[in-house]
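Here it is, the structure in full.
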Amino acid sequence: MIYITRREVFNAAHRVYNKEWSDEKNFKVYGKCANPSWHGHNYTLFVTIKGNIRSDIGYVADLKAVSTLIRDRIIEKVDHKNINLEVDFMSSRIPSTENIAIAIWEELEAPIRKLGAELHCVKLEETENNFVEYYGA
Amino acid sequence: MIYITRREVFNAAHRVYNKEWSDEKNFKVYGKCANPSWHGHNYTLFVTIKGNIRSDIGYVADLKAVSTLIRDRIIEKVDHKNINLEVDFMSSRIPSTENIAIAIWEELEAPIRKLGAELHCVKLEETENNFVEYYGA
Amino acid sequence: MIYITRREVFNAAHRVYNKEWSDEKNFKVYGKCANPSWHGHNYTLFVTIKGNIRSDIGYVADLKAVSTLIRDRIIEKVDHKNINLEVDFMSSRIPSTENIAIAIWEELEAPIRKLGAELHCVKLEETENNFVEYYGA
Amino acid sequence: MIYITRREVFNAAHRVYNKEWSDEKNFKVYGKCANPSWHGHNYTLFVTIKGNIRSDIGYVADLKAVSTLIRDRIIEKVDHKNINLEVDFMSSRIPSTENIAIAIWEELEAPIRKLGAELHCVKLEETENNFVEYYGA
Amino acid sequence: MIYITRREVFNAAHRVYNKEWSDEKNFKVYGKCANPSWHGHNYTLFVTIKGNIRSDIGYVADLKAVSTLIRDRIIEKVDHKNINLEVDFMSSRIPSTENIAIAIWEELEAPIRKLGAELHCVKLEETENNFVEYYGA
Amino acid sequence: MIYITRREVFNAAHRVYNKEWSDEKNFKVYGKCANPSWHGHNYTLFVTIKGNIRSDIGYVADLKAVSTLIRDRIIEKVDHKNINLEVDFMSSRIPSTENIAIAIWEELEAPIRKLGAELHCVKLEETENNFVEYYGA
């Protein structure tokens, strides 16, 4: 068993808030992250897959196919987008880093299995000081 | 003469577009950066001042005062904000990295002179692959 | 279960040595790290907590509270300090990176539990080439 | 139990290909990585060992000895070398990042045990966008 | 006048040696960099252009066009290649970092002028510890 | 004319204060940097030399010789040392980053000229947020 990680970056706007709360409560809970006029980040995404090395090719899976998958399923949908308004897989979620990471896991888990590997971890960095890691439910 | 640089970071949303153009023309010129629903970045700002070292203190200027100045004049206004909608010194400008850097220069030049130093360069990184440097007009 | 990490930095002086040994033996074991006139580092601290996401807020815990906790309990005590002489939680320990990481764990474990999360890992980088990770006893 | 990591770098050339395949098939599977005229990388190697802290010295193991070991067994053999042609422990392997990481593990596991610690992980970064981690068979 | 920099990366093999010298002399001058079996690097290239901002678009030049130019003229030719054997613009040069940077300058200077900007600097990093900067003859 | 930069790191303790002032005044001017029990940093030093490329070797100067020079004249003297107490070339100076950079320039300028190159810049990073650059008097 070996673990392979692919890094991708995307730039997006978001607002962290709970639609069912007043602006006042949102500011109290989320501070400046609740700004109704949005703010944004350069997100850095690390997708880790695991599996056994196929002895004929020396790879667990075709990393180019993994990279294409991540780009098609995730990066194309979130890069230079508004996460609250434009990203289908985030439509009913509060776009905290935690929730974005979990949603990315859910988008990638099944298609990565089809490539012959297993999704191990989704790591998402929002700033140089904060990141989350999700290993599945 | 010696050069001292202070790094600060801020997270903001923006849309790069010319208000006088159609959406079509904006997309043609700016591509996905013209997304009307906004996108965002972790901006990294490097402010470089220059001057002669004051022999009694070993500094050109009180770097803490410089840092406070940058925070008050720039970071407080742009961090977790929408650069198009909420930043006074950007209100009439297309928020390209170039224009943000020039506006930051204009905000900082005079007050840094009051601290006994001279503004030398404003460097602004929008992504790990792109940055601009402005040394004044 | 999801893992959230907060990065903090601090700058400190220390000397790695065993008080019960001669200078000669200390130099033999610790090399230049045993310099009696001290040396220092920019330490980078990564504190990882884990827990379940609270569905109403989309967070495991209030990261601002976690950050404040780390600052109050750790950073305020070690930043711009001498780890051997001035840090209460290190007073009876050899200040190797390993021992500092363990002491930070012991300072943070209980108060993080009071914030509704669980401490998962303390990672401490002493230089770009060396770091330690501690996951509890 | 605590985990200590040492970072080392090396610069090497390689070609990813299966000797038993045609050039055509190699290009189909490995793309430009199969270039017969070679290409190369700045590899970053992270070796993580684990163990209990020896209370007299505050270390799991003498990190200088670990570093010397990594340099003697690995870096001296791969730095400024051609991995396909000149590295004994890679002679019968396809030099994918995965296979290099596993071979490094095999070279280091026993000698690290002799230093009183246990090898926990070999992490190898080939580019800023790709890395592998191996924790043993 | 403002300065805009675009970062690109490429991975290549090379051998630093003078064809007219003996292997002995090459090893004496270049050390392990003269290894006849090649070695390689992840090169990081920073291309800086300068010009005046066009007020209608807020850019000096279309950075996408600059990026495409760098990719077509440089990256496509050097990435996953052997700099000594396969790169036309390096065919008669010793592939030191200095000479590669100068050659890249010569490839880019005229076409960047056609995009309405001026080439200011080519910076090339060979390792994290070494880089060169060239500002033209 | 081309510019070549070599990066080196060192870890040192220091106290920023003016010997002729009271502790009170030192704390007022330098804040926590005046801590009498010292603090420390991982300093990153960038030494840039300039010159014309020697066509026979493709280098401005033997970078290995430059590196050895920097190590002998600077790193050996400051690494794992107390800058106030143990570094000869800092003995009569307040160890601000500015003054350390200038002192390093003075130590390196003449010997680099003997290697056939010219010292262009000494850049010294004290933390990730602060650095100075000195280009000579």
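Residue numbering begins at 1 within each chain, and the chains themselves are lettered A, B, C, D, E and F in the order written.
Quick note on the criterion: a contact is a pair of C-beta atoms (placed from the backbone, for glycine too) under 8 Å apart; a residue touches a chain by one contact, two chains touch by 3 or more.
Since the model is a prediction, treat every value here as computed from it, not as a measurement.
Novice: Figure out the least number of contact steps between chain D and chain F, where 1 means they touch directly.
Specialist: Minimal hop count between chain D and chain F: 2.
Novice: Quick check: more C-beta contact pairs at B-E or at A-B?
Specialist: Higher contact count goes to A-B.
Novice: Over half shared or under half: which fits the residue numbers at the contact of copies chain A and chain D, same or different?
Specialist: The interface of chain A with chain D is built from mostly unshared positions.
Novice: Specify the chain most distant from chain E by Cα centroid.
Specialist: Result for max centroid distance from chain E is chain C.
Novice: With chain centres taken as the means of their Cα atoms, state the distance from chain A to chain C in Å.
Specialist: It comes to 29 Å between the two C-alpha centres.
Novice: In whole angstrom, what separates the CA-based centres of chain B and chain C?
Specialist: Using C-alpha averages as centres, the distance is 34 Å.
Novice: Chain C: which residues touch two or more other chains?
Specialist: Where chain C meets two or more other chains at a single residue, that happens at 128.
Novice: Would you please name all pairs of chains that touch?
Specialist: Once each pair is checked, the touching ones are A-B, A-C, A-D, B-E, B-F, C-D, C-F, D-E, E-F.
Novice: Which chain D residues qualify as touching chain E in the complex?
Specialist: 9, 11-14, 32-33, 35, 37-42, 79-82, 85-86, 127-128
Novice: Using the touch definition up top, name the residues of chain F that touch chain B in the complex.
Specialist: 16, 18, 29-31, 93-99, 101-102, 128-135
Novice: Given the complex with chain C, which residues does chain D contribute to the contact?
Specialist: That would be residues 1-8, 48, 53, 56-60, 62-64 of chain D.
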